[in-house]
Amino acid sequence: MTVTLADLNRANPADFAAAIGDAFELAPWVAEAASAKRPFSTVTDLHAAMAGAVRAEPRERQLAYLRQHPDLGGKAARAGAITEDSKREQASVGLDTLSEEEFARFHRLNDAYKAKFGFPFIVCVRRHTRDSILAQFERRLANDIEAEFATALQEVVYITRLRIAAKVTGDGMPQVSGRLSTHVLDTHAGRPAVGMAVALYELAGERYYRLTTAVTNGDGRTDQPLIGGRPLPMGRYELRFSVGDHFRSRGIEAGDPPFLDIVPLRFSIAEPEGHYHVPLLCSPWSYSTYRGS
Amino acid sequence: MTVTLADLNRANPADFAAAIGDAFELAPWVAEAASAKRPFSTVTDLHAAMAGAVRAEPRERQLAYLRQHPDLGGKAARAGAITEDSKREQASVGLDTLSEEEFARFHRLNDAYKAKFGFPFIVCVRRHTRDSILAQFERRLANDIEAEFATALQEVVYITRLRIAAKVTGDGMPQVSGRLSTHVLDTHAGRPAVGMAVALYELAGERYYRLTTAVTNGDGRTDQPLIGGRPLPMGRYELRFSVGDHFRSRGIEAGDPPFLDIVPLRFSIAEPEGHYHVPLLCSPWSYSTYRGS
Amino acid sequence: MTVTLADLNRANPADFAAAIGDAFELAPWVAEAASAKRPFSTVTDLHAAMAGAVRAEPRERQLAYLRQHPDLGGKAARAGAITEDSKREQASVGLDTLSEEEFARFHRLNDAYKAKFGFPFIVCVRRHTRDSILAQFERRLANDIEAEFATALQEVVYITRLRIAAKVTGDGMPQVSGRLSTHVLDTHAGRPAVGMAVALYELAGERYYRLTTAVTNGDGRTDQPLIGGRPLPMGRYELRFSVGDHFRSRGIEAGDPPFLDIVPLRFSIAEPEGHYHVPLLCSPWSYSTYRGS
Amino acid sequence: MTVTLADLNRANPADFAAAIGDAFELAPWVAEAASAKRPFSTVTDLHAAMAGAVRAEPRERQLAYLRQHPDLGGKAARAGAITEDSKREQASVGLDTLSEEEFARFHRLNDAYKAKFGFPFIVCVRRHTRDSILAQFERRLANDIEAEFATALQEVVYITRLRIAAKVTGDGMPQVSGRLSTHVLDTHAGRPAVGMAVALYELAGERYYRLTTAVTNGDGRTDQPLIGGRPLPMGRYELRFSVGDHFRSRGIEAGDPPFLDIVPLRFSIAEPEGHYHVPLLCSPWSYSTYRGS
């Protein structure tokens, strides 16, 4: 259910709050403050006004607001006592299916974090892989209180920006999506490699999780971005290209077994709203890749 | 214990046979035949004469000779009832430490092979990884008897060539060794990448076994070949380069996490006596590799 | 002055001929034959019908038709006694400004060609550079009469296809244009190279003629294709990239003088209606290129 | 005629001076001072002692010494009134065959230089191309007197180091030579490109001078370095590889004309005593190069 910016600009304050107030969990005063600043010419401005309402509050109220957030992977999440938005977001990165051991680890980190900072660990999970959430958790535990307070508020901005972008349509949408794409050129034939299988994996610890598979089209690209229409989760990835099958199907001899069979390209994503183009140029005996555009 | 070709050329037939006869397992007639063709000007000629003695025999005797070979990973090997050379060779590729399941698989393959061809599966294990032995086994089971008989004799040539090369020194040594090397160039700095960690893995099924680690020297190479002084076992490999650490130590920013961290190069070896040079050209944002020389 | 396919389909035969008849020089019977086959659903079909009319004629009349074509760079062209279309086409490749020596050379080739084949040398000049016209001329002189007759008719098809594409608008336009494009990636920074000067040269003999210059935009591309909206003239080209200036402006040290300054990429075009993407990946110490897509 | 370091260490002062004194033109006191510091354990030490003798002199005498040097490309050179060593060195870079215009240009630069600094322009010509001498000349004219005085003395060190290295043999020879090499890999075949023609050109202004040609050997290298056994003249170069002929001889189709025919690699040399390895990796549709090692 989305609402248009135009309708929001016209709505009475109660309807305005009802439509988008829950983007800021349990903080109805955010929608109230933003409502008073209407009309907005872009959705980005609307979200900026809501984020500004949080930033304008005294420290005391900001802290109370941060404290209302649920533990990441914590008991509230397990018991279902969190908002629907939070539930969906945590599930997207696998935090709803933690093993007992992982649950215990998150629990310990949460306890240590709350003991140090006085509010729960807040992170925009849609911008992360499970691996990078853990890395962030441990890194942020080492912050001093001022740095961490600012970081937590910035994460609220990321979280709510995504929620507003999902709820509201209109001009000037905030940039919340990144794109991961590839392209395979066969430098032996001087043409795009057509029909080559490609698989994308996420690295979590030492394990690989397959996220998607595709086959290159007539231009050597995939019909859809490998990841698109959402933030690119920060973390480590591996693309695997079936180069051996491609050249075998072209009848090219390249040793038995062939010098190149599955070609892995391993890389990391650090900018969730960025464009990562990771092409492969390959012959049966050589290949190269680069961050393209 | 090695012997010189000159000494072999001078030895009486009994000493000649005692020195090198066991290169051809349980076939004293091979040394006898070769002894009569002395002198040899190269070690390669000596081995060729011994291999020729096998090739000159009637099919019946060749078959009897092939039948004397032990099962690969079989009961004889487990029970210790095989020659010392066979034992060392089978151990080199892990055939002495098979799990019950693997032992059963080899056992079944051996049975099927012997039922079809009437002699045990013979392969020069030093030219293979465990993976490629299994692949060979299954592929050769599909051969017709003529093709497989010829293949088995060729494997005997490979096995005994390695044994002779290990036992005899002199001019014209047979080419029994390959070489796997690498070289890392930092195209960001225009210099060899010095002090970069490199690890070599063998792929067996879906698992990786680390074979060796090294650190690049002042010229971006490893002081020793990654594999050298022996046949390169046919199979699949992965080189892993600590590219992220290298650029971090140079103070280069390339994202957090860095776009490239561990760079894997996956390739196969099909020519055990060949030279595989697999270099890496890398910047923090791009890399390439090729089969070099 | 263009006409729509719809109008042509509706026109009376005289108007039809008046509008597009001169695409086939001095051959009014081509338009007549095509007129009778209306309506056409695509411009490609219209041209195919006209080309088919030529192909359907007896050899005698085809020959008469070929004979009506002017000499390339010949006296008729100089004296102005050729059609406007021919004049424009010959001028496009510099055939209107031949030196006395070049004029003499074309004259000799024309004479030899006509003596052998009995009709003038016909080539679709818009698909060629001056260099490749000369190369074609000499190569085709060696043809036998059957092969050359077929080649001449095919060139007529190319010439008239361009003329029809210029005169008529409508669905299903024939593919008469190619595209030459580039893209510069700075693999030192992991970004497109912005603001880099690029120049495109045509090679004629040992000389270079600069065709165009451009500066890369924010995506490392040129705003316009280097050549587009017309056939790519077959021939040899060189792209020159001001790589040294780019890295100097980024403050990168790469030697004095820098290892790379002007980087030339030399390549040939053989498919006038194709897409040639010739990118440059460069660091201060390395570069690569490939035929991309 | 060379002399051994051992003989020099043993010689009486007059013979010592006779043997190597003219390395420092018209400055017999340099050999005298160095003679007194014998014995030297390396040729590098011998030269360092001679250079040190110049550096130890008062400014007045250093200036007098610099003033004794001939004009570069000047009247003295033309008239033959310079030492044999100077004559050979100036000839090596073409300064003995200047056109009237070039002679006039050097003359003007010399005059401006002497007017500003009070001594002639001194440069170790063997470390430069004609182009870079001119570039140095114009750049050094902009120096202040202190910087230029130091630069001139440093050039004397370069000049005399080469002379000593040519006259004396023994342990610890000074590093006076660089090396330019190449290597061609055919990434289409996964092998070195054998028998490929390579030509090396020097760029002077807009013109190219061919320095050497070679054909790649069985390892894809040239039997001799492209430049070796001497300093690499600073300047701009172009390597040209006959890639089109190579793939044509292998029967590979790559368009007509082929996409790649002559591949030029243009680069500069800034370190005369360095190693420049400039390889080419090529398929019919792609190539790359880098400063290797």
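To keep things simple, chains are lettered A, B, C and D as they appear, and every chain counts its residues starting from 1.
What we mean here is this: a contact is a pair of C-beta atoms (placed from the backbone, for glycine too) under 8 Å apart; a residue touches a chain by one contact, two chains touch by 3 or more.
A quick note: this is a predicted structure, and the numbers were derived from the prediction, not measured.
Colleague: Would you pick out the chains that touch chain A and also touch chain B?
Modeller: Common neighbours, chain A/chain B: C, D.
Colleague: Copies chain C, chain D: same or different interface, half of numbers shared as the threshold?
Modeller: The interface is built from the same residue numbers on each side, given that over half of them are used by both copies.
Colleague: Taking each chain's centre as the mean position of its Cα atoms, how many Å separate chain A from chain D?
Modeller: About 57 Å, centre to centre.
Colleague: Just curious, how far off is chain C from chain A if you go by their C-alpha centres, in Å?
Modeller: That pair's centroid distance is 48 Å.
Colleague: Send over the residues of chain B in touch with two or more other chains.
Modeller: Where chain B meets two or more other chains at a single residue, that happens at 187, 190, 259, 281, 285-286, 288, 290-291.
Colleague: Residues of chain B touching chain D in their complex?
Modeller: So the residues of chain B in touch with chain D come to 183, 185, 187, 190-192, 219-220, 281, 288, 290-293.
Colleague: Over in the complex, which chain C residues touch chain D? Could you list them?
Modeller: 132, 234-236, 255-264, 266-268, 270-271, 281, 285-291
Colleague: Can you list the chain B residues touching chain C in their complex?
Modeller: Those residues of chain B that touch chain C are 187-190, 254, 259, 281, 283-286, 288.
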